[in-house]
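Single-structure report; data block below.
By written order: A, B and C. Residues from 1 in each chain.
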Amino acid sequence: MAQASEDNLNSTDAIINLQDAIALIDNYPALSGMNFRLEQGETVHIKGPNGAGKTTLLSLMAGLLPLHSGQGQVLDNDLSDLGDRRRIRRLTGLLSHESSLYDELTVFGNLKFWCSANKVEHEIIDPIMDRLGLSGRLRNLKVSSLSAGQRRRTSLAVIVCRRPRLWLLDEPYSGLDEAGQNLVDAFVQTAVTFGASVVFASHDSDRAKKLASRTVEMQGGRLKTQKLDSGSHKTRDYIPIESGEPLPDGTHSKGGNAND
Amino acid sequence: MNDLRTIVSVADESEEIFINTDNDDSERSGPTSTRSESTTVFGFLAIATFVPLVFFGLLVAEPHSEQQESVKLMFIHLPSVLVTYVSFFCTLVCSILYLTKKSKFWDLLAGASAEIGVLFCGILLLSGSLWGKPTWGVYWQWDPRLTSTAVMFVMYLGYLAVRRMDIAAEAKSRRAAVLGIVSFLNVLIVHYSIDWWRGLHQGRTFESSEIKIEGWYLFSLMFGMLFFSFVAIWMVIHKFRILWLEYQLERMDLELAINERRSEVNDLDSSIDADEEELLFGGGS
Amino acid sequence: MVRIVKEATLMIRDALLIAKKDVRVEISSRVIFGQVLPFSLLILILFGLAISSDLIVTGDAKRTVLEQVSPGLFWLAIVFSSLFAVNRSFKIESDNGNLDALRMAGIDPAAIFLGKALAISLLIFILDLFVGALAVVIFNASIIDFSILGVTVFAATISISMSGTLYAGITAGSRSKDTLMPLLLLPTMAPMLLIATRSTEAALFSEDQTGWGWPMLLSVLAFLYTGIGMLSFGALMEES
């Protein structure tokens, strides 16, 4: 499978393309036929009730789960092939429900470990910790002593250090105060300007609407409806956003071509 | 039951071949039983060898001078040894094949084989113990071979427990396959260690009594081996079919679950109507 | 050929990264040394209470029953303690979904196996030293052959850790793993227990000199389990 080139921002291949994807969690069909497409540079908000399959969708797109049936490609890699899935994982950053941190290590210790594990140079740790308010007192504090929000910011720091092409965030705002949530938005927007694409699941519709270029609603393991942030509803599974074209409400889409 | 018949008969073509190898006339056996031509054949073979076994082994062969009739437990004990090791070896081979070919057939056959292996390992230990009492005076001897057999028994009990773990089906099969291979390697390691030990300590261990097996005993033992082998194969085929049918049921359940899941789209109604309000909040004025 | 060497180097580097991390976590949390070590010392003492101190005579030596069986008791204490060590090693990963994060990082499963097993080996080895010291004292042992003892302890520890990590990998993610993992591990450790005990007896009791046979066999086991674990961990970690 050809690797998507890092420089090719003008690629017309979708970053993610899922067709009738069924994925199982412990023999339960968490995804029951999901259709989804993500274009380069988009920020897509996934919403839906608890148990709709949002978490499973993100895990699938991160390459952690096999496809039971259907088709899926992420970053030009086939989800039904194990080797491809392993390649997807390196290019993706998944912020999951769990912290993915070692409670007994310090904030700095965790970041050092995860940067080494992800083959990322350590020089960027300090600036990123600074930006996320993890320097100073928190730097050498054990993760177990942190508050939920501080832990979330540490987990986010790990993702940021990895600088993935595809960001998958599961309830990124949960546990964070206003300042923390603003940080999430800022990092997401910065990442997109540097060529990343983002999918995030959130119950916080207000904030999500401001961040996302598109909202997708899930229920029962697949799509419910899809609407543009202009408010119009479509029942088709995907609305392509042509580059340069203004959206119905007059704004330009944040995705598409780098020529915008 | 009609749905089950459909599911069984529309299995993948490759799978159908495997089923039909043992089952030349699928129409006749049907999904309600695991009988087939092959199990009938093996059943008859088993009965056919049982008769001479009993006749020659128990009646014609004379009792051993020291051990009297109890020596005839060898007709249970020794064939059980054969069946146990062949079954676990079969599990090893099937586990390897499952990991390379990914066909569920090998996974299920590994499981069926292991279960029969555990059964006969239990029979082996029990018959060995019953034989031991009149022979050595004790029910248990810390003979390395006997001990290692007991350990092997528990090891494969663990294998069966892993097959029932509460994780996703495919991952579970893969892990069981790895365990099926590792467990047999353990058996080999233990045997090699014992031989090594016997080499170091000649005569320190208590060997099972050397009995010269000849004449009618040898003749009967042959029937014993055949009889137990046929019974074991008969059981494995049945067990495999049961596992196969269970697997088909799981697939059916999954299809149902997928459809049920997809229909959740229309489920949620977040408003509380008057009746529910009554129920939840009690009778207001 | 060059690629294989490069991949192997990377794998070893990742394994050491994980091993160091596990040791750092232990230093910080002190579960093995604060809880498991006292536990293993206590087991040894309980054995002493449960077993008689009658005198027996074997060969030229006059020992109590307790002293005679002390090698076996030592290894039993280590075997039971290792269950906790292995459990703990995987708990720090499963608590926060770290195994998935390690998969996301693209670390070779063989490196995860090796790294965790090495860390467990180190911790059990230190347990060996403390429990061994206590055993020498309360069981009145005199070591005749330090080199045989050393190799035995080293090889047995590695065998225990490698097989423990393997079975922890097989049962990971299951709700019944706390009972299932010991059920798988203990039968496998039975031959190790036997060999290590016989080997230790050779190092302590002059009448039991069996030379280097047992330690060598134990070393072979250690290599075997290392290899088996590294080869199979990829299959075990996938798609759980």
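Note that a residue touches a chain if its C-beta (ideal position, glycine included) is under 8 Å from a C-beta of that chain, and two chains touch if they have at least 3 such contacts.
Treat the numbers as computed from the prediction; the structure is a model and nothing was measured.
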item: Most distant chain from chain B by Cα centroid; value: A
item: Contact-richer chain pair (by C-beta pairs counted) among A-C and A-B; value: A-C
item: Intercentroid distance (Cα basis), chain C paired with chain B, Å; value: 31
item: Length of the line joining the C-alpha centres of chain A and chain C, rounded to whole Å; value: 41
item: Centre-to-centre distance between chain B and chain A (centres being mean Cα positions), rounded to whole Å; value: 46
item: Residues within chain B bordering two or more other chains; value: 166-168, 170
item: Residues of chain A touching at least two other chains; value: 66
item: Shared interface positions of chain C, touching two or more other chains; value: 238-239
item: Of chain B, residues touching chain C in the complex; value: 99, 147-148, 151-152, 154-155, 157-158, 161-162, 165-168, 170-171, 174-175, 177-179, 181-182, 185-186, 189-190, 193, 196-197, 200-201
item: Contact footprint of chain B on chain C as seen in their complex; value: 166, 170-171, 173-176, 180, 183-184, 186-188, 190-191, 194-195, 198, 210, 213, 217, 221, 224, 228, 232, 235-236, 238-240
item: In the complex with chain A, residue positions of chain B that touch it; value: 166-170, 250, 254, 257-258, 261-265, 267-268
item: Partner chain A, residues of chain C touching it in the complex; value: 14, 17-18, 21, 24-25, 28-29, 92, 95-98, 100-107, 238-239
item: Chain B contact footprint on chain A (complex, rising order); value: 22, 24-29, 32-33, 49, 66, 219-222, 224
